[in-house]
Amino acid sequence: MNEESLKLSEKLVPSNYIHQGIQARQARENTIRQLIQHRKLPECGWDDVTIEMFLQDVAVMDSNNFNGNCGVGEREARIYSSLVYKRHFGLGHGIGRSGDITAVQPKAAGSSLLMKLTNSLALDAIKIAGIKSVEGSFVVPMATGMSLSLCMLTLRQKRKSAKYVIWPRIDQKSCFKSIVTAGFEPVVIENTLDGDELKTNMAAIKEKITLLGADNILCVMTTTSCFAPRIPDSLEEVGLLCKEYDIPHLVNNAYGLQASKCTHLLQQAARVGRVDLFVQSLDKNFMVPVGGSIIAGFDAGLVEEVGKNYPGRASATPSIDLFITLVSMGTTGYKNLLSERKELCKYLTEQLQSCAVIHGERLLQTKHNPISIGMTLSNLDDSIPPTEVGSMLFTRFVSGTRVVAPGKNNTVGGHLFKNFGSHSDVYPFSYLTAAAAIGMTRNDVNLFITRLDKVLTKCKTNKTDSLKTEKIDKSESSFKQSKSREVESEAINNRTGKDV
Amino acid sequence: MNEESLKLSEKLVPSNYIHQGIQARQARENTIRQLIQHRKLPECGWDDVTIEMFLQDVAVMDSNNFNGNCGVGEREARIYSSLVYKRHFGLGHGIGRSGDITAVQPKAAGSSLLMKLTNSLALDAIKIAGIKSVEGSFVVPMATGMSLSLCMLTLRQKRKSAKYVIWPRIDQKSCFKSIVTAGFEPVVIENTLDGDELKTNMAAIKEKITLLGADNILCVMTTTSCFAPRIPDSLEEVGLLCKEYDIPHLVNNAYGLQASKCTHLLQQAARVGRVDLFVQSLDKNFMVPVGGSIIAGFDAGLVEEVGKNYPGRASATPSIDLFITLVSMGTTGYKNLLSERKELCKYLTEQLQSCAVIHGERLLQTKHNPISIGMTLSNLDDSIPPTEVGSMLFTRFVSGTRVVAPGKNNTVGGHLFKNFGSHSDVYPFSYLTAAAAIGMTRNDVNLFITRLDKVLTKCKTNKTDSLKTEKIDKSESSFKQSKSREVESEAINNRTGKDV
Amino acid sequence: MNEESLKLSEKLVPSNYIHQGIQARQARENTIRQLIQHRKLPECGWDDVTIEMFLQDVAVMDSNNFNGNCGVGEREARIYSSLVYKRHFGLGHGIGRSGDITAVQPKAAGSSLLMKLTNSLALDAIKIAGIKSVEGSFVVPMATGMSLSLCMLTLRQKRKSAKYVIWPRIDQKSCFKSIVTAGFEPVVIENTLDGDELKTNMAAIKEKITLLGADNILCVMTTTSCFAPRIPDSLEEVGLLCKEYDIPHLVNNAYGLQASKCTHLLQQAARVGRVDLFVQSLDKNFMVPVGGSIIAGFDAGLVEEVGKNYPGRASATPSIDLFITLVSMGTTGYKNLLSERKELCKYLTEQLQSCAVIHGERLLQTKHNPISIGMTLSNLDDSIPPTEVGSMLFTRFVSGTRVVAPGKNNTVGGHLFKNFGSHSDVYPFSYLTAAAAIGMTRNDVNLFITRLDKVLTKCKTNKTDSLKTEKIDKSESSFKQSKSREVESEAINNRTGKDV
Amino acid sequence: MNEESLKLSEKLVPSNYIHQGIQARQARENTIRQLIQHRKLPECGWDDVTIEMFLQDVAVMDSNNFNGNCGVGEREARIYSSLVYKRHFGLGHGIGRSGDITAVQPKAAGSSLLMKLTNSLALDAIKIAGIKSVEGSFVVPMATGMSLSLCMLTLRQKRKSAKYVIWPRIDQKSCFKSIVTAGFEPVVIENTLDGDELKTNMAAIKEKITLLGADNILCVMTTTSCFAPRIPDSLEEVGLLCKEYDIPHLVNNAYGLQASKCTHLLQQAARVGRVDLFVQSLDKNFMVPVGGSIIAGFDAGLVEEVGKNYPGRASATPSIDLFITLVSMGTTGYKNLLSERKELCKYLTEQLQSCAVIHGERLLQTKHNPISIGMTLSNLDDSIPPTEVGSMLFTRFVSGTRVVAPGKNNTVGGHLFKNFGSHSDVYPFSYLTAAAAIGMTRNDVNLFITRLDKVLTKCKTNKTDSLKTEKIDKSESSFKQSKSREVESEAINNRTGKDV
């Protein structure tokens, strides 16, 4: 309703009531105004009504929602299904133009505004998370792996002769494949074992650089967040090396934005050494559905180049999801989530420690990994392969644990990895990992420990009996038991619900 | 409600009423069963109730929606905002696994099922559209440009030494940039002028192949759908050449799926010659929001390889949108849309023809272009740059026209294009194009012609006066008038709402 | 977004794009402004986006949606469930105040505004439907029966000694009960048989008035819309009589608003005679869910008194539903629906006529009934009770037919009705009725006729065989067959899905 | 998806993943089954997904949602607007049949089932709230006032000669009007002042009964929940009296279900004496939008009679709202809300006490009123009428306070009430009330006390100056200042947002 409408409303409802309503409405509009003005997370989160009001305001500014518009182009953001229309709040034009994913679209002022705001909010969130000197960032509707590829494809423009990407090993397929897909040869740097921790082998990196020649190296790609017992790479040292040899430094910060240890590493590495670009997942850091990531860097110009390198338009969905989520959280909400995660990580460690002791296991000492915790699986009944623990947990509605046992090799993108999953050719133990990720609740931890305790109990004493019991225990699980051990064993690996 | 619930309901409501309800419900479930069984578009479209019922069924099969699930991984599809949860129907896990975008996820049986079904429906839709011998396809949550890049990155794995992509010129930035982003050097083939039409210069392609050497060529990338006066490439001839020289043939079928002339070209080229992969936009062919495309081919193995080359998970949104849309349409609905488009293209041509005659212009004779139509802008008042026509139309809520005037050069990805927008260094006329795309209505055409007629009237007679009038004509437009001619002229190019 | 926000947006998106968006938005706001200004149905219906925008505007003006509001009363429109919040668009205060259902609420400017507008739109719709001289009306969240009671309770205030309501018989329970519930004694006037039609017995009414004394009569309650073979009451004659004897005239216009013959009767009766109040159903006339009605009259003061007589607040749902529906329809849409209904009534008559002839039946000649049509059921196989036809149709997903066979008596509110359902003690035939109500489609008619034809075929020839067939015909119906004929027979009466 | 569909799904997704999904789904279906079986509140509340799943299951069982149904009746639950369809979850048939609001509808098995379940849940909720011996109840889509009228209209059937309703005064218009609207003469019993409390004058009631004659009295209507300083009526004593004189006892339990003191009174009165029917508001007790109430009683037969007395169908909305809310809450949630309310009432009392002391006021000692609290307004600046305090609070977004000052008379339904609002002709103080109602939060209390403190500060010292300040204090309020004191004073009464 515009002012004229409100004025006319006073013929139907006394003006003082109308005015009270106007005042309340202005409060909401002020909230919106402040966002557009400051382009930072609001201190307090918005309620859904304000969010929907804003999205509606934005949608009616796109040409496909103009009453009386006639479209005679090949791309008019017509939407066939009203269910689809509704879920996109009427926004159909996506983001970007053919030249640049961060460009505004003439036909879509609303979508363009939303995209710009979201990119600003993303930048602010990165700062709040601890990377204060970040200079540029944008949301891209591709998950971390493909986004890393895009970064490499952009770096290629400047390093035409480069063939190699130096990559301290992390046993997660996407990031390895991101190198291969981008057309480069990964140079795998085996990690060093230090106590229980697996850490960056700096000497090996340096050696490889000398061996291959800096100009032939597209970049060093390091990783922050990872499963224990690996710890975040030595970003500062790598950053210094990259600076020295003038090699780009690309960081896979997949779910590292939620852990101040990871963001601190990035901030420091950029301060003393060199970090060109770092990529983080939207779903893992901001609790939105899978599908987007933020590409960020300390040189706004380079970040822009990546955006310009994306050929064509793209889905607005990850941007819309992030927008809604960040304004819902507000600074207060986001900070609370970060500190709750930290506390829950401590709680999870303690609880897992207690559980380990009871069952004759121990926690892996990986204090430099701020998210993932490992526990040995060294004393199971001989007939139980460790991976079955993961499978039994999944059947009991525990998702996300990951069991690694030595001896599994895997070929990814043409490269053979020994003991794939353990980040190392030689890690000595079988173990199970669990993670304290953003959004986890105390109840998650409690349920997990209870169920883990039950499973370990089954796997340790009087194993044969307990397994039999399980087979007829319909109330616990309706999973059909596989007929042969081999099939089951394979299923177990799949069933841990975890990619390696 | 399960059967037990329904049985119990009979204590509250007479059983014959309950049974009538059950029967009605079974009819819906049957519809769903048939889809899963046949994995083809249903003949009649589903209503929204059935669609939502199915999506809900699917969602509760994903681990993030399990009651009592506890997540201790780093990616648990937690969704912070209920607005976001709702718009994704509770589906948070995206599609694919780190190894393969078409792989199923253990934690997300529902999402995986939906993804598989959507890929099957996409294949069926391609067949309905006329490419009967297509063998494989999948939906990828990237628009056409980035998907073409992904195809090239996949082809690279098999042609390590290839450096060039042969590309008959089409003045659309995304597809040119898709080559550059993938790390290849585009070899631009100027089009041949034949009457008003611009068509593939086969001789030049052959010459280039000989000159560069087949092994150094990654692929030939042709285009079907394009703006008049360019016509679809000679796919059959190119396909034969590719077969002869053993060079991959990649087809940019951006919005060609909606025109039987384009799909026929693809079908024929694959039959007599060689087509490896072809890519089409979801939004342009199926009336969903921007953000996805279908990568398809005549060799299922190759298509699978492209999927395996995508590093990591991806957004499920384009798949969900396509799923909803295709089951909403059904075969009947989709075919109707295709035939309506064809009729409207004829209608648009006739109407534009009449309008052209009145204003002393003529239609470009480009009968091989099944979607886009050109009209000369040769008789405007001298003081009016042709591009202003596009701007004036946009101001009058006509989106999607495109005005091309000789003389505009443009550098894209480091390459200078003369007369960018016209697909040719030498096209002799200024002209305006309009397209009859899927979902267009007769009303769109009528509104367009009325407004075009008004604009041309303004641009032709007594021009000086009419422009003055326009400047104060606030009721028609609130656009602020640019201060200098140059600024305005640039704005006009932007304002046509069309990328080139 | 307010103007300041839009201004600030120009820092992110070029101002000419923003301005195009603003212009489009203003068009919508204008639409809203016109509604508030004129308080009549818009000519063209609104799209859902505009409707939701308006409802949102309205909702934020209610105190329960004020950010920072604190409620310390006993009724603060707190809404526990977000599903419930959403379905009510955040509107929780209902309509009316304790003193008056049409009064505005200080805490709920938005809800109050919506209620006032809806009442104005309802008045306009009544005029469009043909009752041009209507003077007052309001929506009440009670269906027709209870609303008639409320009218009578209001009339009572002015006629303290009145005990009787004169009521030309119509065999529909609600309206009879509305008299009893209001505390009055119904004086049933048997209808007169004229050809096939049953019509008002004016002489009997006059006689009763004389007999009982005008002062002892609260009102005469007539009916417009009714099942054939009854026809609308002689409103004009009754109106004249009421005027003469100074007796209020209350009209049950349940679904008569959709038929110009009924509205014409009302208009005429008010012009030449007397009509005090008339009540119509929302669901039956405007295609909204059951639950509301409009109380209207030709004396605005009297209508207001009825509103003031409703003790307390009430649900806003019927008002919201009607608001959405009327602005969605617009004048054009509403008029189209009315004229389509008229045409379909003709079509239904023709089709039913053809079907009747084939099966040796005939249509009842009731041309004064503009909605409902009767067909004899005189030639069924002897073993088939006519009511079974209704049951068989319902099993075949035909809802709404009504079969009446002589001989069924029924006691309603203490009064015994002979041949209940036929509006007459003495109607000579068994028959089936069908109605052409607003929103019906040609497809409804075609399906009905096809299925009726099948059912009649079963019921006429070789009955014993066909029934056997039916019992095993699982594909047609999964209804469990009742074990004894008696049970089945009762079920049939219930199953016709029709109240009598 | 039915079992066949799930089986077929295993061709697309490994069967163990599908089975995990099925298991999760079964858990939800079990939850639904338990509800239908036990018809009591679930212990734990349902999540929205389960609720929507159930509502969808229910909706497809109604004939208007049958695919292939053809409707040829006058009431087919066609819904014009998809917005309206959506908000009703596709349920269009309402509840009840023409004969009985609690009857099932043949055409609407789903709606009927939902209605029956909701009525059972309502009964269970009443028991949880403390009225353990309740025997019957149903939800009626009318607010408390009209529902009380319906009860009286039903009682009339059995007491044809009764003319009077004995009514201990409570200054709330709806309940007084409910008597008048039902056609009875209210016999007002002035309350007795006992300390600060106003309580039932038993002697006066007894006297009136003797005077008027029991047979001439329809019922005694008592009230539980009310504004301080009135306290709940002496239900036990009235119940005994009604038993003795064989007079029905109707209780207005508007928002009393939330306070165990009120439910205890009802339970006791029914045990030792007589309670026929008691009515409670849905919105005030269960945090749903205004529009429904529960009519309940200790004799299931009598409650049924009330239902049968409602003429015609009715809106299902209040039932749906209540259903969603009660299954969302679960027993645990509902009990928590009840105990939180009790604690907050204590907290509010303490805080108000502290505030009163500071400003030289005192709390009224009304410990028998479990919800509402009064504070004197005896020491305001002379120039400030007490009612202005309410107005100033409302302007500061405090809703729900109620200021009563002696001297305001009011005519309701023809009856003159002295000092209307104070429940008494002679209450000696001006005072302000606030209530601790269900759903209130600690934050509500804190905000209220802060704002009250500010307002009282303004109203006490240096009044003239502070008022001036206020007039220009735009940041606090944009209310236009009324021009004359009289107008303002009237506005204030309206603006307290409270009906009296």
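For clarity, chains are labelled A, B, C and D in written order, and residue numbers in each chain start from 1.
Simple rule for what comes next: a residue touches a chain if its C-beta (ideal position, glycine included) is under 8 Å from a C-beta of that chain, and two chains touch if they have at least 3 such contacts.
Everything numeric here is computed off the predicted structure, so don't read it as measured data.
When each chain is reduced to the average of its Cα atoms, D sits farthest from chain B.
Homomeric contact chain C/chain D: same residue numbering on both sides for over half of the interface positions. Computed centre separation for the pair chain C/chain D is 29 angstrom, with centres defined by C-alpha atoms.
Centroids of chain A and chain C (each the mean of its C-alpha atoms) stand 55 Å apart.
Computed centre separation for the pair chain A/chain D is 47 angstrom, with centres defined by C-alpha atoms.
Within chain A, contacts with two or more other chains are made by residues 14, 20, 22, 24, 26, 52, 63, 66, 68-69, 82, 105-106, 394, 397, 494-495.
Interface residues of chain A, counted against chain B in their complex, comprise 48, 51-52, 63, 66, 68-84, 87-89, 91-95, 97-99, 105-107, 141-146, 148-150, 153-154, 156-157, 172-175, 177-178, 180-183, 225, 227, 254-255, 281, 283-284, 286-292, 309-318, 321, 324-325, 328-329, 348, 371-372, 394, 397-402, 412, 434-440, 443-445, 447-448, 451, 494-499. Only residues 1-2, 4-5, 8-9, 12-14, 17-18, 20-22, 24-29, 32-33, 36-37, 47, 49, 52-54, 56-57, 59-63, 65-69, 90, 104-106, 109-110, 112-113, 116-117 of chain B touch chain D when the two sit together in their complex.
Looking at the complex, you find that chain B touches chain C at residues 14-17, 19-20, 22-24, 26, 82, 394-395, 397, 477-480, 491, 494-495.
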